[in-house]
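You will see two complexes here that share chain A, one where it goes with chain B and one where it goes with chain C.
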Partner chain A sequence: MEQNKIDLIQTDSPKTQSSAGVNAESFLSSQKEGSSSRFYCDALYDYSINNVIGSLVPHLITLVGFSEIGKSTFVSSMYHELMINGCIGEYQFIDSDTFAGFERRAYVRNAKISPERRLARTTNQEGYFLTMEFIKGHEQKKLIISDRSGETYQKVYTSDLNAVKKDVALINSPHIIFFIDVSSLMNDTEFLSFKDSFGLLLTRMQQADVFVNRKTLDILFNQSDKLVTDKQKKIFEENAVTIKQMIKEHGNISQEFNIISNRMVDNEGLNNVFKYMVSSCDAFNEDVVENVDWVSSFLKD
Partner chain B sequence: MSEIKCLIAGLPSSGKSTYIGALWYNLRNLKSVIDMELIDSPENLPENIIHLNGLSDNWIRIKKIDRTNSNAADNVQLNLVHKGSNEIIRLNVPDFLGETFQSIIDLQNDKKLQLWCQDSESLLYMMNEISPGQFEDDNHHDSDEINDEVHTMPDLQSKDMTPATQNIMILKYLLSQKAFKKVVIALTWWDEATQNGKTIVDPEHHLQSTSPALYNFIKYHIPSAKIVGISGQGRKYIEVDGKNPELEKAFIDEMAKMTKEGKRAFVGIGNQISYDLSLPIHLLI
Partner chain C sequence: MEQNKKLTMIEKLNNLLIRGGLISPYNEEQTGHLVEACRHYLVEEDFDENFFSKIVALYVEGGYDEDLQKFVLEFIVENYNEDSNMPSCVWQTLTFFVIYLSLKENDDAEMQAIYSCSLQNRLIECKGRWKILRFQKELVELFYYMDSYMEDKYEIKDVCSIDVLKQIYSENGFQGQVISSNTALALKFIGQNAWEFRMNSFLNSSKVKEEKNPYIRAVTVLEYVFINKPWFYMPVDLKYLLKETFSRPINKALPLRTILKSIIDIGIVLVEEVNSNSSKILQILEKGEIPEDSYLDERFMPNEFMVYLYNELLLEAKLKVYGTE
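Entry: the complex of A and B
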């Protein structure tokens, strides 16, 4: 990662892609040893995200959460929604630099819910930045989603402060959505273990100055359909209050969502999150200040 | 004579070779239905017509053209005159394999394709599949029921991606290589979308309603692109293997009659059907 950042600083050649393309040669040359990009328009890394940033100021949303809680499933559901409808609300989906990154997540998602379960998840070797371009009226918007592997947050960031400090995008991200699996909160034993790890992650993020820059913090409880009994619902509500309080120590929670990320049909809750994320491009474009402009920070770093 | 270099692109089975074979036959044999005419005087006859003849022979005999195992691009050159304007055009078309375009997604770029792309003024992009994909939970609720049996998942292959995404990525690559002056997007296997040409379907509306994101991508990046439908085969071929001789003979006879009358392969533009296969080429000039 450190070497990649050095490459980033030293790169001063003009961008080679046209308005509609990611130049395959520059894309290939940007692939580093250990990365798993095998496709044109695959998900991007710290060192390759700058290659696709044009004149638009993108809005970056960072999804933070542990393994197997449905971040990538959520992202692929959002992509699928855009592919089959062409839009979310008033935002027409016109392009992405990471079509293959989305397809990879959709492939994993569908394998997970197929009759035979397969070992499949986003690994910490894969690219994590995914981009979406929209047109609303005559205005063009770009949304970037950081979908790092849960393993990175769960195993690396909780135990290694330096790793968090190197995550410039997380530190400068103007918008974080904490993903939490409902099943971690509806059973007290599970909750104690989750709370311990989540607390460690928040502490590491604080130590790395993640919360110094003004940020929008949201919380999203996934797989809310798992809450069946009254007892489960009661325990979940109590534990959710504790988790929200832990986050509030670092900043106000802007939005709270309860969703089922792996169900496309009749899922208004999921669609509302999609609309919220896309429309946040508007709110933030008006409000970009230099110290939270992660692109500028990348380039200057 | 002005020379137009045109790139015909598309994934495997998108109908590129079938279209070229049908066009070559129609140019020589169905002059009354075609607005462009082949200049077939000895001095203007393309130097090498082996490939063209092979394609059109398969087309006449209602044989599927499978070039998967053949070598790379076969160049095709057609000297044409437009009957209305008398404009003479030398059309240079490389008949690349669909796999060459598929491999763009796998980051295995073909140098020859890259050079052709940079050298071409116009692009005819053909797509037979445009689906944006389907999730198992698109229409029902029980998708989260997971069997305990655990398997290792095979790696994602580019062909596993949805057809809409594959086509967008290939178009994205081609547009990054060259700002084409003219682009025609052809939805192929158009006989299937139009019940063999009996139902009127506007290709642009069909693309927009079937694959909205692919449509958006095209309209945003190439707003002047013309969207047409092409049925190179004329209709879906049946298996001719001697198992149902009467049916097979009836099918072959009917196709031969349609070929003879110039009413087999067709192009859909707007709400019109035309048997003039040179229309997509004319739109590129």
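Entry: the complex of A and C
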């Protein structure tokens, strides 16, 4: 947290005094990529994320999905869980460099109080890296979530290969979770349009070498409560197979989740995703290479 | 060719930086500047085994070399007019990268052998907690340079013809003769056989066979080997030494602290002076005091202990003759 604060203090550009009771949408629209944030501990950009990396090797999870499918709502719910319980599973939440980034997301989505008031969304000028630090036993872990705007994936990345190529954090991210809105898959007409766009996004990602480095790929179907009728469920199942097949062309799918990202009560599925994400910090430590214990190797030969 | 080599190191460093924790990687130009700065650090600083082992110690502890940090920042400002602000994970990665470069881009096989051996020796501190070591895939590439160096230096060949043997036993032997290079090689071969004969006699002596403490037995054997070995490059089959020293299977491992105390108590002096900071066992034996370091609580089987000690003695012996042969 300190470093993010220092960056804010040290920046050369003049700050505009933010007023109390700021209008979320006007505030968000005033943010420009490359400009300094108005908040201490706001979400970070490519150029600033490295400044908050200390000596801990963080685990980066990139959330990939189109507009208004609940990526940031999901992140807000995760933050809410941490604020209410102070932990996720065995992992005690101890700090974040981006509290304001979380608060901003939570505020505009109002995740807890009234999920229907989803007027604003993450804009493509907004910072997208959010950090969480945990402690489990004596070990400290740092999780970084890349929550770029859906607009960036939907409008920019599907049409501009160079933009994807510039997203070096995505290219090098060891872990991607594809967010898919269930409603895009439970209706054949909507599905065709979604499939085209999603296919284009995957193609652009492949062309930008996103899948060259070893990655864990997960798929998360959000808003599964929309599946009400048997017909909807059947169409969804069929289309989900197609989507999964499209992803599998670029790498195996490690985990599949069905969640409702804005329901905090009695939502075991959502909590399981949180636990999975946090525990990924352990799984992604580099493996011990057998021969590193050179004496044992020598004696075994 | 030079360009290819440079690109490969840039790619390597970029890969290490990402694995080291950098979320938004640097572009090729920026990474190239870091590679160049590290290369200059190796050349411009008085880089020797002492310096090397200091950097390895920092790598093992998960820290970083502040001298390297200062050097790189100044180098980048002076040469590229860039003002850099890099997170600690970068400095930790560069600390390892300097170790990597100092072996991979070293044209001096002798120094490569010394650094490699020193690196392996330092890892005694990681026994039982190997997970703390970063970049293990690259780390293991830096092992065993000493073995290949010694093999290159002394290739054993039976070049001893019967004529040479007959001449040795003839009335005048080689008296008054200039010994040809072939004959000198033949004599070295005979010398090696004589050395092996002596070593076997020692391994079968009561001093070794009747020693009940397997760790003291290992020390006794290695003391004999390193004091009496007639030439540094004389090959020693460590596997054979282990087999002969521990002819009966031993399954009991003791904490390194206990092992070292028993050796200090009998007062064996293995080397006159310890030159490498990575020779942890020898340093403790030299001082006669056991520090509180946690790795000393790790249990070592007698054969494991013997391999670590052998390698430390090998490095010390090499440092003693460095640059002379």
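In this text, the second predicted complex is superposed on the first by the 241 of 301 C-alpha atoms of A that agree within 3 Å, B and C clash if a C-alpha of one lies under 4 Å from a C-alpha of the other, contacts with A are read in each partner's own complex, and residues count from 1 in each chain.
The rule is short, and it goes like this: a contact is a pair of C-beta atoms (placed from the backbone, for glycine too) under 8 Å apart; a residue touches a chain by one contact, two chains touch by 3 or more.
Bear in mind the structure is a predicted one, so any value in this text is a computation, not a measurement.
Contacts of A:80 after superposition on the shared chain: chain B is touched, whereas chain C is not. Of the two partner chains placed around the shared chain by superposition, chain C is the only one that A:58 touches, whereas chain B remains out of contact. Of the two partner chains, neither chain B nor chain C is touched by A:192. The partner of chain A that touches more of its residues, comparing chain B with chain C, is B. Of the two partner chains placed around the shared chain by superposition, neither chain B nor chain C is touched by A:212. Of the two partner chains placed by superposition, A:241 touches none, neither chain B nor chain C.
By the document's definition of touching, of the two partners only chain B reaches A:262; chain C does not.
Taken together, the chain A residues at the contact with chain C in this complex read 46-47, 49-58, 60, 129, 144, 168-169, 172, 285-289, 291-296, 298-299. Taken together, the chain C residues at the contact with chain A in this complex read 18-25, 62, 85-90, 92, 120, 123, 127, 130-131, 133-137, 139-140, 143-144, 238, 242, 303-304, 307-308. On the side of chain B, the complex with chain A involves touching residues 104-107, 109, 132-133, 135-141, 143-144, 146-153, 155-156, 158, 160-162, 164-165, 168-169, 171-173, 175-177, 179, 208, 211-213, 215-217, 220-221. Within the complex formed with chain B, the chain A residues making contact are 17-25, 27-28, 37-41, 77, 80, 82-87, 92-95, 99-100, 102-104, 106-120, 135, 223, 225, 260, 262-266.
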